[in-house]
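Read from first to last, the chains carry the letters A, B, C, D and E; within each, the first residue is number 1.
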Amino acid sequence: MTILLKLIQGIGVGALSIAVGLLFIGIGRKITARIQRRYGPPPIQNFFDIFKLLSKRSISHGFAFDLGLIAGFSALLAAVVFLPMGQINIFPHNSSLIMIIYLMTMAYLGMAMGVSSSGNPNATIGIARALTMMMGYEVPFAAVIFSVYIFSRTGSLANIVAAQSGGFLNWNLVRLPFGFVAAEIALQGMLGEKPFDMTIAPSEIASGPMVEMGGKYLGFGMLQHSIGLFIETGIMVDLFLGGASNIWIFIAKQFVLYFAALMINAIMPRFRIEEGVSFMWKFPLLLGVVQALIVVL
Amino acid sequence: MSQSQWSELVNYFRGRSMWMLHYCTGCGAIELPPVMTSRWDMERFGIIPMATPRQADILLITGYLSIKTLKRVVYTYDQMSTPKWVLGFGSCTINGGIYWDSYNVIDRLDKYIPVDIYIAGCMPRPEAIMDSFIKLREMVQKGEAKGYEKYTKNYEWYKANQDHVFGRSEPVLRKAEEVTKSA
Amino acid sequence: MNSKKNGLAPISALKYLFKKPHTVRYPKEDLEVFSIKGISPNYRGFHTNDLEKCIGCGNCARVCPASAIEMVEYDDVEPANKFANTMRPTIDYGRCCFCGQCVDVCPTSSLQMSRDFIHSFHPDSSLSPEEEPESVVKDFIWRPDQKHADNPGYLRPEGDLFGKVIDFDRNEPRKEAPSERKLSFAKFVHTYSKEEAEKEATRCLGCGACVEACPNQLHIPQYIAAISKGDPEESLAWIYKRNPLPLICGEVCTHQCEEACVVGIQGEPLAIKWLKAYSSENVLKYQDVVEEKKMEPNGKKLVAVGAGPASLSFGYYAKLLGYDVTIYEAEDKPGGAMMWGIPKYRLPKEELMKDINAILDLGIKLKTNVKIGKDISFDKLMKDYDAVFVGTGNSKPMTLRIVGEDLPGVMQGLTFMKLVNEEKTPELKGKRVVVVGGGNVAMDVARSSVRLGADVTVVYRRRIVDMPAALEEIEEAQEEGVKFVETGVPLQIYGEKRTEEFEYAIASLVPDPKGGRPRPVVNDKSPHMKIKADYVVAAIGQHPNLDFLPEDMQKKIGFDGKHVPVDDYGRTNIDGLFFGGDLSNRRQDIISAIGAGLRAAKGVDLYLASQK
Amino acid sequence: MLKYVKTLNSMGLKARPLGDWEFEVLTPKERVAETLSYLKGSGFETFIHLMCVDWIDDGEFELVYNVESYGEAIQALVKTRIPREKPSMMTMMNLWGLCQVYEREIHEFFGIKFEGNPNLEQFFLENWMDLPPLRKDFDTKEFSEELFGFKEDESHGIKAPERIEYK
Amino acid sequence: MELRPLNVSSTNKRKRYELFIGPNHPGISGNFSYVLEMEGHKVADVTPDPGLLHRGFEKLMERRLWTQNLALVPRICVPEPDVNEVAYCMAIEHLAGIEVPKHAQYIRVMVLELARIASFLFGFGGVGGTTGLYTAPNWAIGDRDYILDLFEWLTGGRVYHIYQYPGGVKNDIPDGWLEKLSDLLDYLESRLPEYDNLIFRNPIIRDRLKKVGYLSAEDAIENGITGPNLRASGVNWDIRKTQPYLVYDELDFEVPITGNGDSYARALQRRLELEESIKILRQCIDQIPDGPYKVKIPNPFEFRVPAGSYYSKVESSRGEFGYYVVSNGDVKPYRVYIRGPSYSSGLYYAKKAMNGMRIEDVPVWIHMMDICPPDFDR
């Protein structure tokens, strides 16, 4: 019974994350458009896009292609289940940050497996960049997580959230400001927003991993992106913004983080891949290490 | 939900989200940047440029096609996943335009790939482009734009025409033979 | 500029988040940057064409760099004027590049462009792929009309004679001042110099509207193009294709072509006549142009009666076809009316002879001072020759039929002109001459009299604008001091022994119900006027004189005293008898006569071929 | 500029000024390299273009090398004529590497062989088997009609009036 | 139908593979293709594959009348069509000995400079587009549209103006146009600092661009690079100054020389020249004399240009745009050769420049060299 309930809850959370992610991207397009002096699409444009993509006939590039994408998508769906979102917390005792990050890495690896079987060099370069970039942002992010772990003395997101309860001043944002900045920069990389969007870089490698994806595959890719967006901002909310008491506040906090990322996205060009990685390993890593040192000492 | 209702719904969403391929085949493409960017903002209609044919729904033939480009266009069109639509931009796609007598520019696009909508003009203004996008959207939502079905149905005919242009194995004009022989 | 590196500088761009975008939200909004809403006021969109104004000259079609315009004949339009046709531009928007060159070159400004530019087409998906291209192309081809006229865009305003590309200003050849030229019979028009001719020739659009207006359909665009290329020889060769008397026509042609000239609709027409004069004057030896076309003789013998333009033209073209041609002339010099009727100041005799000699040099036999019917009977001609061409023209002058006409001092126009050309006129210095009539002969008489020192008054039944004479001639006559009396109907000539006074009535003009020229009507109330006159010359037209023809023949060919009915090839009801020139032409001028000669030559050829 | 014209004339070549900034040099085929290297040596370091004119009536191709001196702001057009039958020319790649592409283009459009140029493959066209298209005896309209299958009457339907010709 | 298959050859020491930049690629500046042979992320060899836009202009122009060709020539360089019209008309005028009235010459200068600004703004868009700063194209191309509005008002066409005519221009400046132009210049000047902040002071753009495509002055001269790219390498050469045409010698302007030779210098060069163009336009507004806007020439059918040949050139936003026109005295040109500024850089120098470049720098290099495929494809 519980399992069934959890399953239903899980599906619900997955759907919610997709919906919220898509809406975020939609609103994000609108906001970016404003900075670019135009109106932009309606906020629900992304739902049209997804629906259309899923209704298209698609070309597969072999079994590994399909499998990789499905693996990636399901890994992300699994990850979102473990994320505590306000009062919604399906596995209150199992919300291990390590597991979530592990599952998210799985998603990338699944994607890598898929697209590299398409044989398009652009996709290969793209996925290589994605993995390199992951190396880039995971290192400072790991440093930050390390300091948060040490600071909160727990590995569970739910407990980290609980540790921050009791007002704004208890938030890790205030307590671990260097860590927050480092994580925020890493988040930019995780979201694939500029200046860290070398993975898709249309003008260089023609949208990279997505180059051979059409129709349903691209639709799943976009869904994956929206879940990823939800999880990544969600982790940040849980880690630094004190979680939330209910889902709406949680989403609002997520949006604030996404908005900040959007602002940078709108005014920054993209790094070259090695610039991006070295930037990650310089400034945010330094902040993360400083934070860890502060926490440890 | 019945089959027809379902396809109506699908068509509605397809009409609201048409992605075009970012491919400047001819000079009409110079009016696309203004349409895509802030002054005219095509994204209002859900139309955004896409980097690869796999992701795109619309193929814009922005003007004349040289033989070399036609080859790529056909290749690109084959790569796109259905449903897909082709827009013929300006005079050149309709009847050759100002290049009607050029040795390297095809005259009628629809001999080689099916075209769903043609826009008059040389080159079409942003208003005309958007007007035709709106028209295409209506057609898609009504389920009238079926060029891709025609292509599969009459593939032999199209293929023969394509091969006639870029699969040729001997000179087109007899005169050339004589000259090459003497040279 | 401040180009210092600053990571925070881009943040200033975020202020646009709170500003109104500058997007034009088409179709909800429209551009609002010009004086009118929407696109610019002179935008080059779809064409409009005023079908009533369009003359179908086809210049738009020829100037189109994309070959998008085709002239198509339509039933539902009326020709805009008597030279226009019912062809209208039909534009293929699958070709059109909206450059506007057709608008620039439209001589009537009927073709314009509108601000409408949106047209899209979705081919019917039920059509098979073979049919589809046709349906697409059909949808993008249409005849521009007034559909978009309420939204005008790029156009050439009608009064804009500076024009876009057409040069509307004619370069008249230099002429002597009236006070100078009235003193002598010398030619007063200086034909073009090379530069002037080339400049004038480059005004030609080459549309060929003139060709249809020309009674003989000369290759006008071609010979003008050759002039602008700087090649009078080539030009003359083109002229010779249909006109063996180029210099004569260059000097004295009635140039209806210029009335049809499309440049003349809004500006001044090309001086086609003077251009012809230029190229024929600048080729010293016609032989180079003429000889090469000569054909092998075929042994057939033809005869032409009268050495006027019709017979000369007949002789020339028949000779080129290989016939052996003999021309009989009653006078001692060839040329007919051109020799005796045209004053020297218009056509110097040496120029006339240059043309005629070029023809005669081909080997055409000319027998002067032979009067048919008197020296040789017409029946003998019919027997001796394979075919007979009669081009004797109008030699019987019409008379005034008023009291006092038989007084000394009353003369007929042609008789007077013959005297002038023979320099046998009575002393006219200080005399008063009244010329009755308004044709070219009347003008010749009047202006010759002026040159002889007389005081001349021209009395004409209608207004000056109704005169059949060329406007140019009338103007020049006025400049030279000829007085004109409009609507004067001759009543009587008074005088004891010779002419002293001329009386006429001022008629009132009644519009012709058939749409022709108004008719002068004299009634009791019409005022009567008298002027002193030492000479009265009646130049009111001539009739043919076919007395040399046997009576039965005259009847058989249907001669009614004025006119001989013939078909296109000059054929009459009698086999082997051909007519041409003023005898049978509707218009009575040199170029028509030349045309009749040419057609008759072809007719003879057809006739003799059928005889075999 | 006049000093170059003078020098070139003294070298036995025909040189004359064309405009304010241009002068032309007519050289025989064999002396092109010599002329160009003289010009390059005297400051004409930039290679602007190489083009070809088909003088079909003379049976010759004219090659025009355009080089420019930035130092003195003058341009030299070096012109040479080669016969139209089996046309060939030596490459100028050793002077300007840039000539490689120009020569390849001219080989494609006029069929002139450039001896010493390693790559004269098709460049702008693909699968071209007809006459080189920019030759005067190549009829592009006919080609277009033949290959793209459309016919056009060039008279545009403008009707010449009916004349009765004597012949 | 055969396209070259993906060629992964293992015979080489290191694995090489082919990568197509274009024709269907967002990183290329038009319908044009570079076939890159890659070693990892690095370019090992480049084969330019032009001809995708080849329309045979030079052949078509031989078949058309002198003035009919005015509808064809702007199509040779689409982002900046006016240079074609002016260069072609200048060649005709030189051959036919036509003197263009001062008024018309000023109009021509204004048209050329406006087109230059429009092209530079397009270039700003290119900087943003290739580096992923999409706000830049949205701004710059949006602002360029205001220039197109002015063109439309002046000429009746938005992109293809077909406005020049041998002997002058087709119609006079409409009432109120100069005021509107002056307003636009004010607006553009107010926008320039914003572009500076967004693009030219942006550290990532600077760092990225500065690493790409260094070109020394000697190499630039050797490889026939012209225009802003040449000046960015430090060669003081601008046809408007050194061999002035039209009325450029009556106008007071400077030619900035950035001289660093890298891609950033090339972008900056354009940015600085834009300012000078605004300056020129302001002077034109003040100085433009009254007078006829064209001289009469024969109509298109009878317009014969005396036999001869002439090379006329115009400084375009990409470099030297030249028309070599040969006439044999007929109503049609005997031969027209078009020297596009991108020819040498795009087809020849690219091979040298891209060698060893990383894939992400290739589009940057293409756009900063401002390679415009139609002008060499013709």
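By our rule, a residue touches a chain if its C-beta (ideal position, glycine included) is under 8 Å from a C-beta of that chain, and two chains touch if they have at least 3 such contacts.
The structure presented is a predicted model; accordingly, all values stated were derived computationally and were not measured.
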TODO: Check every other chain and keep only those touching both chain C and chain D; list them.
DONE: B, E
- [ ] Would you kindly say which chain has the C-alpha centre located farthest from the C-alpha centre of chain A?
- [x] C
- [ ] Indicate, using Cα centroids, the chain positioned nearest the centre of all protein chains shown.
- [x] E
Open item on the list: So, comparing C-alpha centroids, which chain is the farthest one from chain B?
Closed with: C
TODO: Look at the interfaces A-E and A-C and say which one is made up of more C-beta pairs in contact.
DONE: A-E
Open item on the list: Just the number, please: Cα centre separation of chain A and chain D in whole Å.
Closed with: 60
Task: Computed distance of Cα centres, chain E from chain B, in Å - done: 27
TODO: Report, in whole Å, the distance between the mean C-alpha point of chain B and the mean C-alpha point of chain C.
DONE: 53
Task: chain B and chain D: spacing of chain centres that average the CA atoms, whole Å - done: 36
Open item on the list: Quick check on chain D: which residues sit in contact with 2+ other chains?
Closed with: 125-126, 133, 138, 140-141, 152
TODO: Identify all positions of chain E at which a residue touches two or more other chains, and write them in rising order.
DONE: 25-26, 51, 54, 56, 59-60, 63, 71-72, 135, 138-139, 142, 160, 198, 202
TODO: Enumerate the residues of chain B that touch no fewer than two other chains.
DONE: 22, 37-41, 44, 51-53, 68, 71, 95-96, 98, 100-105, 108, 111, 122, 125, 166
Open item on the list: Please output the residues of chain C touching chain E within their complex, sorted ascending.
Closed with: 1-7, 9-10, 12-13, 22, 31, 33-35, 39-44, 62-66, 97-101, 104-105, 113, 153-154, 162, 164-167, 201-206, 224-225, 228-229
Task: chain A - residues contacting chain B, complex - done: 29, 33, 36-42, 45, 48-49, 51-52, 55-59, 202, 206-207, 210-215, 218
TODO: Using the touch definition up top, name the residues of chain D that touch chain B in the complex.
DONE: 85-86, 111, 125-127, 129-131, 133, 137-144, 146-150, 152
Open item on the list: Using the touch definition from the top, list the residues of chain C that touch chain A in their complex.
Closed with: 10-11, 13-14, 16-17, 19, 21-23, 25
Open item on the list: Give the list of chain E residues in touch with chain D in this complex.
Closed with: 50-51, 54, 56, 58-60, 62-63, 94, 221-224, 226, 235, 237, 242-243, 309-311, 320, 322, 324, 326, 334-335, 337, 339, 343-344, 347-348, 377
